[in-house]
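Per-chain residue numbering starts at 1, and chain names A, B, C and D are given in the order in which the chains are listed.
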Amino acid sequence: MDEKQNLTEKRKTEHIDIALNKEVQSRNVTTGFERYSFKHNALPEINFRDIDLSTAFMKKGRRTPFLISSMTGGTERAYQINRRLAMAAEKMGWAMGLGSMRAAVENEGVAYTFNIRKYAPTVPIIANLGAVQFNYGYGTKECLRAVEIAEADALVLHLNSMQEAFQPEGDTNFSELLPKIEEVAASLPVPVGVKEVGMGIDGETAKKLREAGIQFLDVAGAGGTSWIQVEKYRSKNKMREQAAEAFQQWGLSTADALIEVRKETAFENIIASGGMKNGVDAAKALVLGADVVGFGRSLLPAAADQDEVAIISKLEQIEFELRAAMFGIGAGTISDLKATNRLLKIEN
Amino acid sequence: MDEKQNLTEKRKTEHIDIALNKEVQSRNVTTGFERYSFKHNALPEINFRDIDLSTAFMKKGRRTPFLISSMTGGTERAYQINRRLAMAAEKMGWAMGLGSMRAAVENEGVAYTFNIRKYAPTVPIIANLGAVQFNYGYGTKECLRAVEIAEADALVLHLNSMQEAFQPEGDTNFSELLPKIEEVAASLPVPVGVKEVGMGIDGETAKKLREAGIQFLDVAGAGGTSWIQVEKYRSKNKMREQAAEAFQQWGLSTADALIEVRKETAFENIIASGGMKNGVDAAKALVLGADVVGFGRSLLPAAADQDEVAIISKLEQIEFELRAAMFGIGAGTISDLKATNRLLKIEN
Amino acid sequence: MDEKQNLTEKRKTEHIDIALNKEVQSRNVTTGFERYSFKHNALPEINFRDIDLSTAFMKKGRRTPFLISSMTGGTERAYQINRRLAMAAEKMGWAMGLGSMRAAVENEGVAYTFNIRKYAPTVPIIANLGAVQFNYGYGTKECLRAVEIAEADALVLHLNSMQEAFQPEGDTNFSELLPKIEEVAASLPVPVGVKEVGMGIDGETAKKLREAGIQFLDVAGAGGTSWIQVEKYRSKNKMREQAAEAFQQWGLSTADALIEVRKETAFENIIASGGMKNGVDAAKALVLGADVVGFGRSLLPAAADQDEVAIISKLEQIEFELRAAMFGIGAGTISDLKATNRLLKIEN
Amino acid sequence: MDEKQNLTEKRKTEHIDIALNKEVQSRNVTTGFERYSFKHNALPEINFRDIDLSTAFMKKGRRTPFLISSMTGGTERAYQINRRLAMAAEKMGWAMGLGSMRAAVENEGVAYTFNIRKYAPTVPIIANLGAVQFNYGYGTKECLRAVEIAEADALVLHLNSMQEAFQPEGDTNFSELLPKIEEVAASLPVPVGVKEVGMGIDGETAKKLREAGIQFLDVAGAGGTSWIQVEKYRSKNKMREQAAEAFQQWGLSTADALIEVRKETAFENIIASGGMKNGVDAAKALVLGADVVGFGRSLLPAAADQDEVAIISKLEQIEFELRAAMFGIGAGTISDLKATNRLLKIEN
């Protein structure tokens, strides 16, 4: 293993440790879902047991509108996490995202940490790479390799400018990425999506990405895990550490990003992630325009320190909450939910 | 006593214990009355002693616009509570609601716990059953039986979807209830009403109920006792317990429900209950469209652990507060109060 | 001294003690002045030393736009307070209000406690009686007597419905007072005004009073001393004590009352009192339409436990604050201040 | 040294000590920048390393849009502070303000404390005098002398009415200053600007100053150091000390002042100072209309107790924060930043 790989591995381990043990919740930004509430329907006219969560994602029918967000890979520990998440995803019919696969693309030896297809044979698996790497030598070839390693149904490219800016070793050349993203989207045999990592994608950017041929989008908005906070804990650089304080309010909230993106673009599939706390938040996101809802850090404790049973419990709880919310407003299906007029903006 | 009756009895006892001893106040929803305040009238031009609380309810004149909300029955302890409440209601001229009478309908042996007519010979007594039971074998016959047991002036059917959803043993088939409600309303010799149990009834639902022949409505809105909280304390199921947290903001506030219902429908009698704290809240509810105001849990401590004298003190206090509010704006009668332009929405 | 006088004396003493030592500040209502702020003028173009506070009140020129609010009398201790306040008022050119003079009207023996003309020969002294007494035997004769005792320049009638309602011994017949007020206003040789005691007078009521011939008005709004709180501390009646909690939000704030009254009526003199904390509040009140600003309880500690020097310090501080506020916006005179466009409503 | 010089020196020392050690942050006024937030651009399309902070100030190109605000001089300690600040300013290309130079104009012996040109040969140095001195004998001659002592590129006249009002020895004759300011502006060979010291300059005043020939403006708004607070700590006068409490909400916030001034006037250069906390605040100020952003008290601890290296670190941090904010919205230059539509007012 060379020096660079060593560094990448160290970074991955630190990210998981910090996400598990430190205060990385964004402080002065909320997801925005707390500004909405459902108007209860006292006479729902449905049977709780008949509530149906099935939906379509990437042109196929799916059992649930849920996704385990891209999180990790690249180390043995990350592999164990991915394996457990995959088993739970398969059991529950959730789609499954993988963490950035750069390590595996560059080092055959860790490729196995992303290969969890055997544990999740039937659900969509989404490979993951940083779009900025297109300015550091990456192209279609590396993207194909990532898809291959993961036996993935799709590839998502993440945009993480602020994380890179606050990372000492950051790749911060984000110039002229769009044509390169366009090229990759056109060449790959699987759908290519774009996501943020917790600062949100706004309507204008979504439009550009749509026009560049991107097929799905994860707004990955602010209000949940803050990567500036995460990098603050990793920092040995006092200046960046203090500067992080000034950026506690940075980022477009998940709800606002979702609303903008839905209004501006005609993406077939929009994923909402970033600070999703429970199935009620998920229900709100679905009404506001999401097709699929992603959960990240809230699944990590169970995945890192327990087994797939613990993860499954958590996913069941989220599903129960979504069902209860649908019951509460009388929506028997995801399309009924999306068509409801019972989500109200709370007036101040 | 069979197994099912045993369970019902246990549930009743737990409900009362939890309502008395646990934090069951809704947390992230308020009644909405705090957003209104009265504009003081420095020159009321009335004599405090002449203030007249009399009103009409169910086509008859009544001494006060107040109701003791449906709460209990089915056990000896519940009987004692009902008896004391009935004595106080009679003394003060308040209407009196009974808790769900399913236990009595199914078990002759506990029927006496709802029969408090002898203690309240002159005030309206309201029998109570869950509307959802119409999907579990109930119909006109059972409704008639409940009215008979209670020697009631009216029957109110409660809608409690969220409580059932969070109750392990919950009856959660709420499909196609409306035609069954309509049938019962048409067949019964007494007025039939519908109420929620703390999540509120909105305008749209109220309209449907009105069209189905329902004669009075209790909005039973959010901001007071939260049944999701109550069931959380009863839960042995960890998932439902945690899910309850996600629903802390659920429910249409009593004030909002009242405003919607009054605007959308022409019910002769609308009852406002749910988190009513005092006579000033009651005054606000009356201005916003209620004809009668119901108090539930705030009467329980006196009813459960003390005697009718303690309950009467509490009712007197509420009446004094209503009178003082009417004095403060110069309204000498309930109709003057309802016609006032002195209730203002607090601007933020 | 008969029983009734004894009671009155006891009440007076309790009022002062409670106002000095208990938490009688209104809790859920503020004066409303905190919603306004002055826009600083960096280039005031005036000399601080030339700032002129003189104004007109009751058709005469006065040195300051300030009033010591009606507070006490009827006991030896109250006399000492009145005497010290009068000395300070004279020194600083403030108008001086007296507390309710019913005790003196009914008992020659305590008349001296209101006769402080010798200590304040040149400032306006305002006699005080409760308007509600007109329903308990009072009329022009008693009013004349009060003016005579105080050698007063004016008489103010207070409206205190809520205080009476929460007072065990309260006089709560406020019916048909207006014609009686009109009669008194027409018969008295001095100007007759009306004031509240901390709940505020609104525009509609002000209009009626104006039409009844009332010559000046003290809005005496909410946000300062709450008389319901004061009576709560005096109460031996548990019901009234608890009911007081329900009225913590009662009352029209001083700022709102002022704005309404100024808009609705053409009173020559409007006094703003109720929770005035300092000269900046006074400046805001003057811009919002007051001609004179009254301070009550904030002067009491100095008046009750210290000497006139302490009171004078307090009055000087208030005047300095008013001057500093005028300097800060570049207003050299009270009329400049009243004409400023530099008072802004704080947007939320 | 005569008595008056002694006093001036004592005041200077106290100002620095109080600013360093006491709670002088304004309490009930904020800068207003917290009401704005940037909308993140997930695809910035720029290279972090290419971000260019250069700008124009006083008709010349400058490396950064930053200024060290006028703070001190007149004592040996102040000289050391000025020297270190100058060294840091030179290193980083920040403009450099000096504290009030009245002491130097009146006493040759302390002139050296403002002469830091040798440490900052290439950056703009701004001399400083109080405009109110024009009513106490000052004129063009004294202004020329200040410029000469400092070898300054410009002179800024400060307006500090509230500070003078709360200062026992205050010069509070602010009448008819405008024509005198006009005269000086016309006679001086360098650009003449005007600034407040923390209460803000509004649009109307800015217009007058512009018409009087003033060439640049520093709004020096409220939300940062409060001079009323500073003078409160110096006060031996209890009345002024207590009066200071009443003025905690005084002053036009830096953001509001900036917006007004930019809208009302066509100043070539507007400086925003007053409570600037970091480079994100600076970015907001630049979008809202500032050309240069000034930092005062936040630089003082490093300047007073450490060396120029510590100051440079602080300036670097501020620059990093500005760059990161520009990166986050995809603005590569100061003019791109000023033209962004990504600064949003936070809705309540």
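Here is the rule we use: contacts are C-beta pairs under 8 Å (C-beta built on N, C-alpha and C of every residue); 3 or more make two chains touch, one makes a residue touch a chain.
A quick map from chain label to UniProt name: A, B, C, D = Isopentenyl-diphosphate delta-isomerase.
Not measured: the values here are computed from a predicted model.
J.: Taking all residue numbers used at the chain B/chain C interface, answer same if over half belong to both copies and different if under half do.
T.: different
J.: What whole-number Å value describes the gap between the mean CA coordinates of chain B and chain D?
T.: Centre separation, chain B to chain D: 63 Å.
J.: Distance from the CA centroid of chain C to that of chain D, rounded to the nearest Å?
T.: 45
J.: Residues of chain C that contact two or more other chains, please.
T.: Only 348 qualify.
J.: What are all the chain pairs that meet the touch criterion?
T.: Applying the touch rule to all chain pairs gives A-B, A-D, B-C, C-D.
J.: Using the touch rule from the top, collect the residues of chain D that touch chain C in their complex.
T.: Going through chain D, the ones touching chain C are 159, 161-162, 164-166, 170, 172-178, 196, 199-202, 204-205, 208-209, 222, 238-240, 242-243, 245-247, 249-252, 348.
J.: Chain B touches which residues of chain A in the complex?
T.: 34, 37-50, 277-281, 313, 316-317, 320-321, 324-325, 327-328, 348
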